[in-house]
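Quick heads-up: structures coming right below.
Next come two complexes, and both contain chain A; in the first it sits with chain B, in the second with chain C.
Then we have the complex of A and B:
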């Protein structure tokens, strides 16, 4: 546990002192600020502000563009950089369990991505400051859904980062998986039979748009993201420990 | 096996084990019985009621619920109205709830602008969709259709720039009613007593079937069940005594009835019906209702075309449930060869109301000496073209609904395509007379219109302030690390 805490501290520190990460954060805030201002000027939202969380967290570009693309950019260095610079082998041979390494790196990325969301929360506080009558259950639901989805996308990014020492492969692979997770269910949701049913049960935008962002908390959606996140963390762990399986 | 192949195999096996476990867990938690939904929104209306969920669950396997989410009514889009975004947001959420609550027994299909248009077109053709129809609930070949006004009550946009708004919605109740109707073994019949000399449109029967009725032409009234309707789409000869007695008894018993008599119906038939309708409090009058024809040079009279009346939405009753929803649609109807109706006598058992009226410049042309222009002795002013009555009963046990209309052309080939939504709305009212609770619930909107100054301030903070500060921080860290 002590080793985990030390590694987590190290990873968080390395993220917080990286200018690249702040550049990423600034771009995230800028794009979210643009979406925020655009959606706020949309006539339907002016008529009914309860639609705002759905437009931002449910069906907007935040979900379709930013959410799948940014987490892999944050996680790309976590394993790929270590492999590239040759520091992964010493880390794996250090007296720390592999699962703790994966957990520490994931938690560090998750904690830093939380800062990404705090910036978006500031936009809602800005609205509140201007006496906007917000439905906080919907806003809270939207945030919970978006944070859950970003947790999953961080896990896929971490997995992609564990593939090798190529940073482009790590970022591109992670983003690719995330876009597939978003788009594949959409493509097949109207298919007949089991394919359609499976697509609907894996439909992330629907979970965000028709549950979280309307203030509806569904036990399946609440469990879907942690289970999928654990699956990708498991795959990351398998990828790491598999180095030891074969002499 | 070399070490690389062994590594790949082990990797695949371990990964597969993880995927399998995750899949099993998700499949378990996706079951409706293992699923809980907490509605924490401010008005807690994002899930279907227990009644509707139960009715949907009772539908046989392979039932389908299809939603068409297209913005079709132009007046609901004017002045930046939020009607469609609000409505479709609710419908999507509730349809998703229906899918989740019913498990695999109900296939839910949501079609919108992002769906493959070939699939949308195929579904629209298969379901014989009319514009404005939003939801289709199908089970074992039977269909219930719900149009936008069945689901939402809206206000119109105003001339001073106010957009249309949703005042109330009844999605849950309408869906529950549709499911309840489908699980009933009995599908309401429309018994049609057809005069062979009054040809009906060949599309009429498929239309009624699409509306959830079972139409059948009869020569005498068969044994009927609750909810069956009687339609007389025009009559040229008196009924045989036995049939006359049956029809008279049917109406007196308060069963749903639609009677159409055109301007040229024989006097004997008209007087017989006026006797039957005496308790209802209205009667067919003689004559042909005419209105001046609108031309590019103004109003014109003197032509037989005066008998072709353009019925604008404002001419329909905005109070009566049968026509209330049609008034918000910006389309006119064509009524031709119309005989007027008027209040006459009646008992206190029935409430009565005009459904369709003319404009103030109408007159009743005398059939003896038609000159198609208002003369001194002819009745002038607003004329009633269709009237509805329903029996007043506090317990709602005997709806006694009846519609009398002074034209038969609505059911005939040329005019039928333009009367479909009028017929659908009025027949729905006739058939669903027992549904006292319409289930209207208010839909709360929270308008927020910041001033221009506030908007600019918010945009400055969101686009320049927060990102700018972060970029500055990145720059500081960059230079500190370089040092």
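Then we have the complex of A and C:
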């Protein structure tokens, strides 16, 4: 536990002092601000502002572009950068369990990504300040969905980061998996038989748009993201232990 | 303390290590010698559980590195070749972080880091970011890291790289002191005089295969085939040179260097060298000096490795 806490502190510190991360954060805030003002201009939203969270968190560019693309840009620092710079070797030869390494790095990334979402929350608070009629159940649901999805995409990013010391592969690989997780179910949802059924059960945009963003707490969607997140964290752990065990 | 049995490592078709066995007892310093690509770093990385062996076993403090990897790692202090640390951390932050990683509380970590910073003459660098350190200073931080948890075994991969002569002296003294306290130390180095000065035993690797293992005295006895004899004659040096170069000479000298009345004769075997004195008596040569030159580690290293490099 001490080793986990020490690594978590170090990872959070390393992320907070990295200029690259601030560039990422700035870009995230800028793009979110643009999408925010863009969606506020939709005629439907102008007429009924309670629909705003659904447009932002359910079917907007935030879901289709920023959510899958940004987490791998953050997680590439966690394993790939360490391997590239040669600091992974002292870490893996230290007496710390591999599961603690994965957990500490993931928690650090998650905590930092939470800061990304706080920026978006501030935009909602700004609307509230201007006495906009917001439906906070929908806003809360939207945030929960977005945070659940980003938890999954951070886990896929962490897995891609563990593949090796190539930063482009880490970021590109993670983003590719995330886009596939989003788009493949959309492509196959109308297929007949089991393929279609499977696509529907893995349909992330539907879960975000029709459950979370409308303030509906669907137990399937609530369980889907943590289970998928654990799956990718397990894959990261397997990748890490395989370095130590597979000759 | 450190025990390797038939360690083998293959990277695809490349055989990096081939059934390498050795052991380091508590209080002993083993020098790992070999040219580039000999497999020294691979063996050390296997011992610190960073790489798995293709076959073979290794134990640290009685713990198998595969079956009890975590416990084995607790007993090891490891300094990698080209040690790197997160550049954004300050020296003290890094050492405190590493100490906590090895199981210390934050208070203990501060104390451990402080002790080794002082001991390794890094006290004035505490607040310096690691990114701004020279290679030698970084190496000392790496060494402090390896020593933080008071490990029973030390694995040091090219530890003298980047250190200036004074730092090397300090480092050598420190390692001898740690060995006296019962730590098993395994270090690899290209700097042969360092190995000669520091190691109780040497293990010579070449192309992943053990070429020799033993103390310098043992290796000198075993591999002194090309040892040289230095002699100074009163006169007739040219005559002696001529007679030694004759084919029927029992000495079969490999090489002879003459400077005035002083000759350095390199003999191919111990047997040939034994025949030199009777031969000189037979030739009625008056000697002023006769000195058997013991082979240095460098000579031994050349004997063990160079023929294979040439092949």
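Following the convention adopted for this analysis, the second predicted complex is superposed on the first by the 246 of 247 C-alpha atoms of A that agree within 3 Å, B and C clash if a C-alpha of one lies under 4 Å from a C-alpha of the other, contacts with A are read in each partner's own complex, and residues count from 1 in each chain.
What we mean here is this: a residue touches a chain if its C-beta (ideal position, glycine included) is under 8 Å from a C-beta of that chain, and two chains touch if they have at least 3 such contacts.
Being a predicted model, the structure only gives us computed values, none of them experimental.
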Where does A:94 make contact in the superposed view: on chain B (first), on chain C (second), on both, or on neither?
second
According to the stated criteria, A:211 is in contact with first (chain B), second (chain C), both, or neither; which is it?
first
Between chain B (first) and chain C (second), which does A:227 come into contact with in this model arrangement: first, second, both, or neither?
first
Just to be sure I read the superposition right, which of the two partners does A:43 touch: chain B = first, chain C = second, or both, or neither?
first
Could you tell me if A:138 is touching chain B, chain C, both of them or neither one (first, second, both, neither)?
first
According to the stated criteria, A:17 is in contact with first (chain B), second (chain C), both, or neither; which is it?
both
On chain A, which partner touches more residues: chain B or chain C?
B
Enumerate the residues of chain A that count as touching chain B in its complex and touching chain C in the other.
17-18, 245-247
Inside the complex, what are the residues of chain C that reach chain A?
9-10, 45, 48-55, 66, 69-71, 73-74, 76, 78, 80, 82-89, 93, 97-98, 100-105, 109, 142, 145, 149
Sort out for me which residues of chain A touch chain C in the complex.
2-3, 5-7, 9-10, 13-14, 17-18, 85-87, 89-97, 243-247
Within their complex, state which residues of chain A touch chain B.
17-19, 22-23, 25-27, 29-30, 32-34, 36-37, 40-41, 43-51, 54, 119, 122-123, 126-127, 130, 132-133, 135, 137-138, 140-141, 190, 192, 196-197, 200-201, 206, 209-211, 214-220, 223-224, 227-228, 230-231, 234-235, 238-239, 242, 245-247
Can you name the residues of chain B that touch chain A in the complex?
3-4, 6-7, 10-11, 14-15, 18-19, 21-22, 25-27, 29-30, 34-42, 46-47, 79-82, 84-86, 89, 92-93, 96, 99-100, 104, 107, 109, 111, 115-116, 119, 163, 165, 444-450, 454-455, 458-459, 461-464, 466-468, 470-471, 473-475, 477-478, 481
